[in-house]
Amino acid sequence: MFKWLDPYAKPETLYRICGLWFPWLMTLAVLTLLLSTVWGLGFTPADYQQGDSYRIIHIHVPAAIWSMGAYSSMAIAAFIALVWQIKVAQWAVGAIAPIGAVYTLIALLTGMAWGKPMWGTWWVWDARLTSELILLFLYLGVIALSGAFADRQLGAKASALLAVVGVVNLPIIHFSVEWWNTLHQGATITKFAKPSIDPSMLWPLLLGILGFALLLAALTCLRLRTAILLNEQHRPWVRALAQQSVHKGSVPQTNAGRGV
Amino acid sequence: MAVSLVSTNLLTAFALCCVRQDRVLFDAVDLELAAGELLHISGKNGAGKSSLLRILAGLATPDEGQVLWCGKPLSDPSSNSTSQSDFASSLCYIGHLSGVQPQLTALENLEFWQAAFALKNTDYYAVLATLGLAGLEDIPCQMMSAGQQRRVSLARLWLTQAKLWILDEPFTALDQGAIKLLQQRFKQHLEQGGAIILTTHQAMEQQFPQSRTLELVYRW
Amino acid sequence: MPEFYFESLSAFWQMGGYALFVWLSFGSTYGLLAALWWFSQRSQSRILQDLAKKQQREHRVRAQQQLEEENNEPKT
Amino acid sequence: MVMFKAAFVREWRLLARQKADWLNPLMFFVIVLTLFPLGVGAKPNLLAEIAPGIVWIAALLSVLLGAERLFKEDFRQGTLEQLVAARDPLFPYVLAKISSSWCSTALPLLLISPLIALLLGLSTAAWQAIVLSLLLGTPLLNLLAALGAALTLSADKGGILLALLILPLYIPLLIFASAAVDNATLGLDYSAQLAVLAAMLCLAAALVPLAVLKALRLNVG
Amino acid sequence: MVMFKAAFVREWRLLARQKADWLNPLMFFVIVLTLFPLGVGAKPNLLAEIAPGIVWIAALLSVLLGAERLFKEDFRQGTLEQLVAARDPLFPYVLAKISSSWCSTALPLLLISPLIALLLGLSTAAWQAIVLSLLLGTPLLNLLAALGAALTLSADKGGILLALLILPLYIPLLIFASAAVDNATLGLDYSAQLAVLAAMLCLAAALVPLAVLKALRLNVG
Amino acid sequence: MAVSLVSTNLLTAFALCCVRQDRVLFDAVDLELAAGELLHISGKNGAGKSSLLRILAGLATPDEGQVLWCGKPLSDPSSNSTSQSDFASSLCYIGHLSGVQPQLTALENLEFWQAAFALKNTDYYAVLATLGLAGLEDIPCQMMSAGQQRRVSLARLWLTQAKLWILDEPFTALDQGAIKLLQQRFKQHLEQGGAIILTTHQAMEQQFPQSRTLELVYRW
């Protein structure tokens, strides 16, 4: 199965590919995010109900959506790692988790900043808010677990398992607005048939969503490269890379003979 | 060719490689073990003996290479699990840790192992007596001396019918008498067509002329 | 091409009275994202240095092992 | 089946010898419950209002308290390693562990639940709902606790990490269980919530033992 | 004194070894806090009313969760045996253990108490009272937990019964602490309760370390 | 008489008796140990060697009899505690368990022992290198092999200035090279006027002609 994927699963190849993609993805992400922010902040009309506070939507919604998107991609990677025992997938879990955690934190913070003017309080124990908080805990759990073992590989495997198990929370977050009546509003843009949002407001939002996705991809590439180096350090190709960096003089010659 | 290989060798391993803490412990280790053979894995502290045993016992997966049981690969995720559980049921693994639950008595420990490892022999009293533990059968193991606890854990070797024994430093904490007893049991097992892989820092050649030694070199 | 919605720049900064919330959320978002990028970048650039250091340590150990062997040889 | 029985018997022997293992969570539970009337002040209707939540949180935490020990001993002694090497007995062993941990942590809670109802001034209907929801919910708690224990087995800092991993997974359970009891106190029907609990239990019972197995193999290997 | 420092440093290293492990108790506490509104219902004044109870339960729990591990590792590894044989270093070792366990369990609680106050909607006065009572009460918790851990070290030495006796010792502590917070919310003076807490702490600080010492010697010998 | 006894013997024990689980392990054991002497306690598994060592180290109290350090009784509750802590500070006890904290590195373990046992020598790197652990100084001990962990715990013997060493099966898990190293260290210590009490199941007479052996008989 998926035999065509095998060359990409080879760490060395993937390291090169990520290195190639990262600059492009990062540039694109920064451009899109900037565009969406400037457009959303200055060039769209204010909401007739919420006034200018609604502009928070341009980061709140992308961050919230991709906080779950990052979790799903992490869980998919984890599943692949567990079933087909592909090491790269296992390292991808650890690479994505901090990004997802930051996205979740952003969704929470912007949500709180939006909730204060709208609902009159920074925080309520509402189903969606709580479940998003739980998502943050899940991310933190994955990160903590992967760092809790003396053996790095074991940590990666264990956190992959946890990531898979935690998937049960995703539907709960998404459908919480429907299952429990909450303060938080229901789907507005995901109802693609008839989006309940004005098109002039929609574009910057869609750009924001795209930007967050690109940033997720770019940062994953960056972090995955680090993870590959870290885990493949006994391989000749990594050793050669390290030697090169010494010759370039980027490493100070340490006091090697300490004590001996 | 392949068929003859299958028929003579119980356990075969190809090109095993183990990486721990980003250090290659060993690389391209090949080994074959036929019925009636004893394989002594020797090497300095930290050479990777225990790691090799854990790979052979199926506890850890090798970073590269394969282990075959009766010609069928073990670690391969696609291989059918019957060959794996066939292997598991013909294996008796005792590691550095004894597996003796200190709050339970020797007898209770044996009873549990009987169920867990499907041991056929249930003549616990006789075996414990052979091991010099007569009268200590129903004393919690934590009240025994280090060597006595080790004896309890080795009692499994008198009860099991497994073909392949993998033992990590089985002579630890044993006195000379117990070591002799264990060596006799090894001989008996080998004569009955079993195979043994063990590590120890004591010399084995005098006692077991038929043994082979695999020397692992400590590599930094 | 959409037009600039606010009348003046100061109106833009005031965000219709919601300045605190809007700027707080945008600020914290970009702050967090920048921090994330910085940490990831830093660990990426550090790792090769760490590896090189490790290799130096290996050389140290090798040297010591050789020394040991030389010491042992005359005895045996 | 033989193995399940043997492992179960072994657990009971260990529990009988090491009483702190099951007495401590129970004591903890009772203390938490007595603390509340003391800490909150003994206003009867306030107590009755928060009672279901408190009972559930106490149950949850006392399961959590006992969880860390679940596989630790066997891991240290090397028993687990040998079971993993032997492959087949691992699954019945895990089942026996989970069920005996339920017997030692949740069963006592159920048994003293009438006492709790008395202490917190609960109505019979509410007490019934609590018992029913505990009956359906606590096995789930134990399953998840076992998963956490297996995951953190060879981790450096067990207890708190385990709590961090598992508490988020408990939350859906907590929500439905306390909704059931709330409905019961209001005299409403709560069979829907119980059905959800039952469904969650079935799902978990089918999947979690496999995940535990996998986690144990990982940690031992 | 040298030994106290060394033992303390060692504890901190152990805590620090597990990357960002000092965060875990915090996380745990925050999770427990989220459980309450979910289990009890999110009515703001109800939450504020039961807040002291919640805070104190969380403190108790995080101390208890950490307690069992206190001496266990060192006992198993044989460190404790060597310290008992060397005699003099045992006392500073015990002190270092207790104080570092306070730093790792109670201090984080104190540090995030403003957040707690925010989440549970507490008044500043109540928050102050909680901080003060935690400041006086948690060292006592840690002292008693250490005693329990030392007594149950090798379980079958009659230690369990004593350990069970220790759990109820927490109760007076909890009563006075929550009384202090209650008074604070009502705007009353609560220095009397604090004085009682301080007295209890002094008594325990003088006696408990010696008892711990004795218990360790017994269990090792 | 008594004075000469005090001046020659570091440790003296009279009529020691130890009862465990209502079984008399040994009875009327007398021993004397002078500076420069090695006492090898031998006996079968369960004979009571470890129990005797624990009594001599002051970890357990004998059921009968007395241990004297430089002529002053130890276990006597009425004796002044200065003699006890004087004894404790000239003792280095390493039992069956190594006392190595697995989460800490070798270096950190040594630092802790330095403070705990007031070790004078702090040249950790050199000692660890002697023990073949160069390069492993700052790796958590749990990532070391059984023998390497044992080596870390034995590093104390290179740092301590204690006169009396009490060691319970120090050679466990060590390879031949490490055993030689340890024996050399023993010789050095004995030459410097130290004394050693140890148990082991290996023969000690060839290496240490000056050693005495106390044979404990396994009594049921």
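Letters A, B, C, D, E and F name the chains as they come in the text, with residue numbers starting at 1 for each one.
We take it that contacts are C-beta pairs under 8 Å (C-beta built on N, C-alpha and C of every residue); 3 or more make two chains touch, one makes a residue touch a chain.
Every value quoted in this text rests on a predicted model; they were computed, and no experiment measured them.
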| item | value |
| --- | --- |
| Number of steps on the shortest touching-chain route linking chain B and chain D | 1 |
| Most remote chain, CA-based centroid, reference being chain F | A |
| Comparison of A-B and E-F by number of C-beta pairs in contact, larger one | E-F |
| Turn needed to bring chain D onto chain E - CA fit, degrees, nearest 5 | 175 |
| Between chain F and chain A, distance of the C-alpha-averaged centres to the nearest whole Å | 56 |
| Chain B and chain F, separation of their C-alpha mean positions in angstrom | 32 |
| For chain C paired with chain D, centre-to-centre distance based on mean C-alpha positions, whole Å | 41 |
| Where chain C touches two or more other chains, by residue | 54, 57-58, 60-61, 64 |
| In chain D, residues with contacts to at least two other chains | 17-18, 76, 155-157, 161, 164, 167-168, 171, 221 |
| Where chain F touches two or more other chains, by residue | 96, 103, 129, 132, 134-135, 140, 143 |
| Chain A residues within the chain E interface of the complex | 122-126, 130, 133-134, 137, 140, 144, 147-148 |
| Complex contacts: residues of chain D adjacent to chain B | 2-3, 5-7, 9-10, 13-14, 17-18, 73-74, 76-79, 81-89, 93, 220-221 |
| Residues of chain B touching chain A in the complex | 19-24, 61, 77 |
| Interface residues, chain D side, partner chain A - complex | 147, 151-152, 154-157, 161, 164-165, 167-169, 171-172, 211, 214-215, 218-219, 221 |
| Of chain A, residues touching chain C in the complex | 37, 39, 41-46, 51-53, 55-56, 59-60, 63, 98-99, 102, 105-106, 109-110, 113-114, 116-117, 200, 215, 219, 222-223, 225-226, 229-230, 233, 238-239, 241-243, 245-246, 250-251, 253-254, 256-257, 260 |
